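Presented below are the structures under discussion, each in the form of structure tokens.
Next come two complexes, and both contain chain A; in the first it sits with chain B, in the second with chain C.
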Partner chain A sequence: MSSLPNASQLDKSGRRIVVDPVTRIEGHMRCEVNVDASNVITNAVSTGTMWRGLEVILKGRDPRDAWAFVERICGVCTGTHALTSVRAVEDALDIRIPYNAHLIRNLMDKTLQVHDHIVHFYHLHALDWVNPVNALKADPKATSALQQAVSPAHAKSSPGYFRDVQTRLKKFVESGQLGLFSNGYWDNPAYKLPPEADLMAVAHYLEALDLQKDIVKIHTIFGGKNPHPNYMVGGVACAINLDDVGAAGAPVNMTSLNFVLERIHEAREFTRNVYLPDVLAVAGIYKDWLYGGGLAAHNLLSYGTFTKVPYDKSSDLLPAGAIVGGNWDEVLPVDVRDPEEIQEFVSHSWYSYADETKGLHPWDGVTEPKFELGPNTKGSRTHIQEIDEAHKYSWIKAPRWRGHAMEVGPLARYIIAYASGREYVKEQVDRSLAAFNQSTGLNLGLKQFLPSTLGRTLARALECELAVDSMLDDWQALVGNIKAGDRATANVEKWDPSTWPKEAKGVGINEAPRGALGHWIRIKDGKIENYQAIVPTTWNGTPRDHLGNIGAYEAALLNTRMERPDEPVEILRTLHSFDPCLACSTHVMSPDGQELTRVKVR
Partner chain B sequence: MTAPNILILGIGNLLWADEGFGVRCVELLNERYRFPDGVRLMDGGTQGIYLVQHVQQADCLIVFDAVDYGLAPGTLKIVRDDEVPRFMGAKRMSLHQTGFQDVLALAAFSGAYPRELLLIGVQPEELEDFGGSLREPVRAQLEPALRVALEFLAERGVVAAARDGDAERLAPAPLALGRYEAGRPAEELAYRHGDIRFIPQQPLEDD
Partner chain C sequence: METKPRTPVLWLHGLECTCCSESFIRSAHPLVKDVVLSMISLDYDDTLMAAAGHQAEAALEETMRKYKGEYILAVEGNPPLNEDGMFCIVGGKPFIEQLRHVAKDAKAVIAWGSCASWGCVQAARPNPTQAVPIHKVITDKPIVKVPGCPPIAEVMTGVITYMLTFGKLPELDRQGRPKMFYGQRIHDKCYRRPHFDAGQFVEHWDDEGARKGYCLYKVGCKGPTSYNACSTVRWNEGTSFPIQAGHGCIGCSEDGFWDKGSFYERLTTIPQFGIEKNADEIGAAVAGGVGAAIAAHAAVTAIKRLQNKGDRP
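After this line comes the complex of A and B, so read on.
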């Protein structure tokens, strides 16, 4: 394992390539890299243009309302933020939720995870590996044979089915009026799949579209509606009445619970017969593309998730912990309340602290903007051609765990769970690596394969399997508990602010699809006094700190060889493997600032 | 005639001032009217491709949104059918709209695309005011925008009836227009602006 470079060791001498967004959604990102004469990335700079408005918009509001606001922060992470917010308020006010609410929140959270992972792979990430234009050349009969070999249990595998998909694709590409596939680099040699694999993947792109619309209906049942399901401090916003037979809007009854069970089974079948085989097939063909590990080979962090026994974090299916320096033999405990553990630094961020060599724990966090560019910036304040990363260069703060930059997300959760000896996870990971080695004739070890872009993408698929499998357990437990006579879904003893202490502080944590998420709240006189969130993209997209520690996005891009530097297929592939919480248009600028190519970050 | 399947969708991020126009339009429609079966109102927020199944199911799609047409603030512009994706995908569009163009593209690719599309867009005045609400020229277009939708529906035989009593909300009560505006923290407590790189607030020497 190579050691992790410090920012001061990075080679900035080669050609500079800039990938920057055009539109302005929250969580925007800009990426600059230097490549050497062999087109290998020697320096990477990730700039988040995300203003942290979340914190300030909540000041003075009712803590019980915070979830509704944070659900609107972003279009992808809605329910995750809402859940984390109600947990923060409950923690501050010492509210315990009923068992039914615990199970229903688990079902909703896992639904979001499954939905997000499937949509991410097929609709956002697959086009980094799959070439839809190449699929037009596929032989439907050979595609059918491939499908049956890759996944014998999957029913949609006839030559006629693939011929239909191909015809639809052809029509769509030729019509040209809509740009779904128009921004790709379809003649770039970085694409390696044979046409049949491309066609199979396009078919699954459409199948995933059908699947995702059904699984998300679970949110409608428990959260009243989708998009934007309802959450509630103290429990969940639905009632339960098994004797009820009403339709939409009625309490949860046996009909709706059975509907939920059917959706879980569908998602489980899709994950086993389509998603996982596809990821392994892609990995097998891109077996030589083991770039993108970066920080994953060194430092990983998880707050733990999918708690089985309420309020017992040791029962997390994916446990909390930190790994430092690539030492899988020691998973360190994580305490999100300890002011010495999680701290945010701003020496390279567009904020100011009184002393920028020191970090602040989120409960003591301040969000004072200070936009200034370094002396080596090229361009102007509003049109930056090249950023000066030796100075402040990002709107993202730099969170650190005991001073270390950490990778978060499915791969971090999976390595930590594996290192913690979780049997379910070990079986999944060992099985997948064996399948990969068998299909490729390689003999890679876990530490060679997992910390990579492919490993990150595989971990996400395995986590999807774990989530759907354990949803069956949650469902059984919920039905059992209701049948035993427990109908409680909310604890409203402390709903009235007159029951609250004058001042309180709390923290809500969760593992969002893209990684560790924390909301830290201070409440005073019944109102929000301070609210700080550290979102997964803050961890992974962090700028450097005053000691030169580099973050996950920057580290993951290093040493990657690009086929064509003007076409950032490889950059997008690795950045997308983190499932960044943004969906933006980007363009590539040449060193003189002229726009070369416009790409779309999917 | 069977009831047409119509989706009335408000999109945008209500936390970003005029970006909330679309969501506020459906909020108002929902407060005031009951629609026959087959007509659905939805606060789509910034859900992007997660809205695709709703678009696929609709025979007719009406979208309210803030769209940067490059016109005077508060100008209402109506776009129909095949023109809609083009107007939702141009470079200078508002925050999430690239996402909605993708939604339409995905629906088209899947073979389930609305027969009729109506985009009721308003030219925003201010987007870079986090936690803010509609500016006056945009707010003034709420009623005209609703009239456009109601007339469009009436032409198709769909009549909205005045609602008596409270509607089931499309969005949680804390986000309702009045409460959202009243609970806003003062500017000295909460910096309201976005990314300074894109919003020069005063002339800068080096530009």
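After this line comes the complex of A and C, so read on.
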């Protein structure tokens, strides 16, 4: 394991490449890199380029409404902020939710995980590996044979099926209007799939597009809509009525439970027969492209998720913990309430602190925006050509765990779960690595394979399998609990603000699709006094800190060789393996609501 | 028909959360793959497009040049005015510049969702970035507002396919919303409306009324003041909608819905009941305030119900 470079050691002398906008992500992001004479990346700079300020908007509002505001932090990981918010409020007010509500929230959370991972791989990430134009050269018969070899259980595998897909694609390309594929990098040698694999992947791109709209219907049953299903402090709003008058018009009844089960089965089949085999097939062909490890080989953080027994974190299917310095033998405990553990810094962020060498815990966070560019910026204040990363350069703050920059997300969760000895995860990971080694003739160890761009992409697919498998358990548990006579879905004892203490503070945590998510709330006189969120992309997309520690995006891009520096295929590949979500990362705002910049109408 | 170019759509993103794009890809009829492969040419959309950076910007410019005056501009999110617009940066420049630039030669503009239409969550008090709806910036083009946080998928594809099929903008109300989807209140067509009329309400979460599917008005439902198609088209291929799933409507398609009091506060004024009234006749319905119109309305409908009962043979 190579040591992690400090920002001061990075070589900025080579050619500077700018990618703005970075596309196929949520929100707005910019990336700049320097490459040396061999086109190897020697310096990487990631900039969050949007900021909305939701927390100050929350100040003074009803804590029971907060979930709806913060849910709008992100429409891609929709629901995860709402869930984390109701947990924060319930933690502050000491509200325990009924078991049915716990299970329904689990089902909703996992629905998001499954949906988000599938859409990420096929619609945001696949075009970094798959060349749709090359698919026109494929032989449909050979594609069919490939499909049957890769995944014999997948029904859509006939030569006729792939011929139809190819014909449609051909018509599309020949129209001269390439739409979403316009100006893609289709003659770049970085693309390595044979035409048959490209055609198979294009077919699955379209199949996944159809499937994703169905899996989210579980949100529609329990939360009324997707994106942005409804949540509620104290439980869930979807009452249960199986056998009484009015059941047909009740949210949870026999037909809606059956409907949910069908959607779980569909998603499970797709994950097993399409998603996982595709990821392994892509990894097999790109076996020599093991770039992108970065921070993953060193520092990893997870708050733990998919809690089986309510309020018992030891029952998390993916456990909490931190790994530092690549030491998988020791998973360190994490306490989100400890002011010494999680702190945010702003020396390279467009905010100011009185003392920027100090970090602040989110319960005591301060956020004062300060948009200013460094003296070595090329361009102007409103037309940035090259950014000056020695100065402030991002709307993202710099969170640190005990001073360390940490990678979060599916790969972090999987390495921590593996290191913690979770059997289900160990079996998945060992099985996948064995399949990879067998198909490639390589003999890689876990520490060589997992901390990489491909490893990150594989961990996400494995997690999708875990999520969808355990949804079956949750569904069975829900039906079992109803059968045992429990219909409760909400605890309304403390619904009325007059029952609350004058002051309270709480924290809600979750593992969002992209990683560790925390919301910290202070309540005073029945209103929100302070609300702070640290989200996964704040961790992964962090700028440098005052000591020069670099974050996950920047570290992962280093040492990658680009085929053609003008075409950022490799940069996109690695950035996308994190599934950046910029609206999430850049909304943080003053807890005190102090006056911000003056309005300047242009 | 076969050789006619597909209408190019340039889809820009300002300050937003991408829920509109996510909703759009949920469309079941038409399927979104059919929309992007066969109906429109989605030449720029930074959430889904293959190219990035310079190549993405070049794709945008090429369509603007080649289809000057012929392309549709679809906007998700909105521009912030504070900090010289640098709270939202695209290509190193303020998003508002890109928005004005692309709007200049657009045939028509679609404002997706409540951000582009009204301002939505980042424009809620105190609106720290000074985010504004796009009609504050684009003043010389027709804008079709498709509000909602997000809008319903089939409403989004319905608006686009209407424009492609009939070659004109859908008929809009005074606020710029298509009448076909935003002409009636959710309450007007709600399947729980009979319980409202009968005075049967959910009083507390998870009570017997909640389990029987009674009206959610008393626990804050904004259906009586929200113009949207949720109770008719419903969500996610007609699967359900918020009220059917047991939570009141939060009014997410209404202007300024974030600043109209708690989502759990009971509406005290519901102007002008009766499904014969459309959005224009009633004007912008205002939630909150004082008055007993709702009680009167409930009483009137209850009386009507009794009368109707009496009329039955």
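Definition applied: the second predicted complex is superposed on the first by the 564 of 602 C-alpha atoms of A that agree within 3 Å, B and C clash if a C-alpha of one lies under 4 Å from a C-alpha of the other, contacts with A are read in each partner's own complex, and residues count from 1 in each chain.
Just so we're on the same page, a contact is a pair of C-beta atoms (placed from the backbone, for glycine too) under 8 Å apart; a residue touches a chain by one contact, two chains touch by 3 or more.
Since we're looking at a predicted model, the values are computed, not measured.
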- Task: Scan A:Pro227 for contacts with chain B and chain C and give back first, second, both or neither.
- Result: both
- Message: For A:Pro362, using the defined touch cut-off, is the partner it touches chain B, chain C, both, or neither? Pick first, second, both or neither.
- Response: neither
- Once the structures are superposed on A, label A:Trp495 by its partner contacts, choosing first (chain B), second (chain C), both or neither. second
- Which of the two partners, first being chain B and second being chain C, lies in contact with A:Gly293: first, second, both, or neither? neither
- Message: For A:Gly284, using the defined touch cut-off, is the partner it touches chain B, chain C, both, or neither? Pick first, second, both or neither.
- Response: neither
- Query: So which bits of chain A does chain B touch that chain C touches too?
  - Reply: 22-26, 28, 49-51, 53, 56-57, 61-62, 65, 68-69, 72-76, 78, 119, 123, 168, 172, 177-180, 206, 209-210, 212-213, 216, 227-228, 230, 249, 369, 371, 381-384, 395, 583, 600
- Item | chain B partner contacts - residues on chain A that touch it in the complex | 22-26, 28, 49-51, 53, 56-62, 65, 68-69, 72-76, 78, 119, 123, 168-169, 172, 177-180, 206, 209-210, 212-213, 216, 227-228, 230, 249, 350, 367, 369, 371, 380-384, 395, 583-585, 600
- Task: Would you pull the chain C residues touching chain A in the complex into a rising list?
- Result: 5-6, 8, 13, 15-23, 25-28, 31-33, 36-37, 40-43, 45-56, 58-59, 62, 80-97, 120-122, 124-131, 149-150, 152-153, 191-192, 204-206, 210-214, 230, 235-237, 239-247, 250, 252, 258, 262-264
- Can you name the residues of chain A that touch chain C in the complex? 18-28, 30, 49-54, 56-57, 61-62, 64-65, 68-69, 72-76, 78, 119, 123-124, 127, 168, 172, 175, 177-185, 206, 209-210, 212-214, 216-217, 219-230, 232, 234-241, 244-246, 249-251, 256, 259, 369, 371, 379, 381-385, 395, 487-490, 492, 495, 566-568, 572, 583, 589, 593, 596-602
- Touch list for chain B against partner chain A, complex: 13-15, 42-53, 56, 82, 85, 89, 91, 93, 95-99, 101-102, 104-106, 108-111, 130-131, 168, 171-172, 174-175, 183, 185, 189-198, 200, 204, 206-207
